[in-house]
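Quick one: the structure is below, questions incoming.
Letters are used for the chains, namely A, B, C and D, taken in the order the chains are written, and counting of residues starts over at 1 for each.
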């Protein structure tokens, strides 16, 4: 399945993403690594290729009442409700830490109206460490009866174009899997100006409590159960849009990561796996490196999309 | 969560489905119990509330080359490719067995054009044991570039209406989860005349083989990983269409079955679970019965949809 | 703090439905504070997420947890054998804040005793325990504390000690308590904590409570484990990092 | 045929990467035919689907399976201890058809020997085995057959017996074989079966092969385990019900 590579140095993890050199292709998924500092009790934040922020909004957001997490077989459901400190606070209180650690950041953000997305993008100043803005398009559009922004090609095109118009920072569209055809949505985002994609966000689902604590629990499904859906999204979008894809959804070990690269991902994000094993990210980075050496792969680029050949 | 019931006999499993009395609410999912006879080495076919046929077509269909099954975490992917003996052969060779055993049958069928669906429906004669025709709407429409019939509300409305026009047998629409909003599709099918729903079919996904045997494996994802998605579909459609819903997707034990009833299902189908434990169906039936006795539930109807209250 | 491998040394039933597991860690935890907890990875893939448990006891790499079987995870836990491997992330969260001089009342409801055990062991004669449970059999959960401390017991069915809730028992005796020299530590079901909050509403007594919520990470990463606070500016606080011990007046019960 | 619970009696390594597991069933299988298989549910939730394995031996509720570690399921299987519970669905499929009088040539490639072992034990002196493998160490897979039968061995690296494939070895000796009085039974990787089909293309010799494919149910329910046949009317046949033993001319290799 792999292309032959020459005699170059094997196992070079660095990638080029949106014009920047990134030391490895592994990021956390938004909302699964707090504000960054929390994990440093276990490993250095510099371990990450890129830190992806918790979803940020114009103003602080309190989120949903508990319970907020639910267990499923090989997956979990969350209804955190986008609790966050807001963009301003993030940049005054948490961003300095990443500056100190010289760790690149992707800023994940959201809104409940187009205007809010645009306002968020305006609030974020370019900085050499900010690789991109990641638009969480799974949010409900309160002006359209609460239907998520990411579901209609037309709406996606509009909102991406408006955000692109107000920022110099590259814009990544993060798409929801609850669509008829993710390629159609990706194309619309690309035409709107998206510089890249993160595929995919959680799947909207529901669980029932036979013990009544909360009869119906709604939320986003993540973890290994989501992987085949995520992998299909990456594979399908890869050939149709000429911009980088960051793969996310159910990646639990380096083998999953390799699957996403070969399907077409330039980089990957690890979310739920960190809750099961907080060392998942460093282990995946090491696993990719070892795999590349074993199979004599010199760079991630050499295998990106090779399943299409 | 349960409504109080009176002093009636507890644990009565029989249900009323599309005007017929069915002795219990548990069916196999189409394509997961062969032609019926195979399982009788382990248990009697009369155990089933209803036997659902393998997907049938006008003519025999050979299906896809192997490999046809793939393992995932808490789920599997199949690409059987709808291999089947055809409607004619089914009725001459296999249906007499169900007649002998007095076991009600739902006939699952498919086509690659609207005309084929209509032709299938015409071929199937009404019979007291035939409860319904189950239209598998996940099939690719070859006249529309291979996009599955079940994805567009307009197309679903048309095809259901055309099928309804040629048959007196009740028609159940079986929907694909790969849609933007399953409620919208269900409404269209209902307006087209659908007498009921089966929710859901497998999720189209993809897997990669690091060992190269077949670099990309495409197919339908089933099993426990699908349950939260299926449960959400049943819950969402229940309040929006006034016809019975048969729940399917990841049901592995009686607890899952109860979840589907409370979400709004009148009956359920068990698919992949049978491959893991071939006694899943009899065990689920017994489990439902015991649960009903324990919680003093007299009929399934008493709990159908009770999570909405 | 680390994710440490451990080997099950013993996993025995205390009384029907309740177990005490002892795990030998391959690496030391360092300092453990009463009220802190661990995230246990239950082996054999029966459950997906880790489960939080209070540190019942910890001494030179021997960790113990007392637990009640309430669902699939604790059920699976109860079947672990000697020598099976587990992974233990900890010690996590903020423990109880102890004042050096004051006396303490420890109030536990049922398995809530597991969250107070280490504290009781440290406070010894400085503390008295009020323990409430359903019935006589659960008095066994007091285990080694029975010999070491002053304990008042209430049971719901009256089969042992005072008949009624533990908070009622405390209320009855409240006059006898010099509460300006005391502080309260409590752990138990929410109705117990609510009742407690009610009876101490008037008196100025310091009261720390150990609360529970479903968790995913235990590390402050997911914001999944919040409790509602009384603070409008920060209405939800993470139990795993800002808790699991809170001042009773901080939390909306 | 039933899904029978079993208890692991022994699970030992034959040689690096290959194991022999013996399971005591709580209920008898009844009659077992050589070439039949079981669907084993591997405990501890490591894999989702059951795995198919040939019945290596079966006698009074003692079932054994010889297996090669090739992926996560067989890896997990190799770590099972004595006394662990497994579920075994079987006996499944159609076994080999034996003619009462003719002599037999058994051709096995590597772990393919596991599919022929029971047949060899029944045919004994009426059969001769051609066994091909990578290297000397795998000759250990012949196990108890070494003492009981006539065996010709080939290794790819020449460290034992003939150097080359087992089909080449057979081809070299084909003249010496009175094939009108013989029949062939073969089990091994597809390239071996293909090569075999080629060399016996001209001679009229009955040849049954045991083939493999991924399975889900093992019961004929899912149509997941098909092989391509030579029959245009029925181009895909289920291995678990119409096989796993087929006439070599029936299957498209």
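Definition applied: a contact is a pair of C-beta atoms (placed from the backbone, for glycine too) under 8 Å apart; a residue touches a chain by one contact, two chains touch by 3 or more.
Please read these numbers as outputs of a predicted model, since none were measured by experiment.
Path length between chain A and chain D in the chain contact graph, taken as the least number of steps between touching chains: 2. Counted as hops between touching chains, the shortest connection from chain B to chain D is 1. If you compare C-D with A-C, the chain pair joined by more contacting C-beta pairs is A-C. Centroid analysis (C-alpha atoms only) places C farthest from chain B. Inter-chain centre distance (chain A to chain C, centres taken as mean C-alpha positions): 37 Å. One simple way to say how far apart two chains are is to compare their mean CA positions; for chain B and chain C this gives 47 Å. Averaged Cα coordinates give chain C a centre that lies 56 Å from the centre of chain D. In chain D, no residue reaches two or more other chains under the touch definition.
Residues of chain B found to touch two or more other chains are 72-75.
Shown here, the protein chains touch around one cycle, each chain meeting exactly two partners.
Chain pairs that touch one another: A-B, A-C, B-D, C-D. Of all residues in chain A, those touching chain B in their complex are 1, 72-75, 77, 147, 151-152, 178-181, 203-210, 212, 215-216, 218, 221, 224-229, 231-232, 235-236, 250, 255, 258-259, 262-263, 307.
Of all residues in chain D, those touching chain B in their complex are 1-3, 41, 47-50, 87, 89, 213-217, 219-228, 235-236, 241. Only residues 31-34, 38-39, 41-42, 54, 62-63, 65-76, 78, 80, 83, 223, 272, 274-279 of chain A touch chain C when the two sit together in their complex. Contacts from chain D toward chain C in the complex involve residues 44-46.
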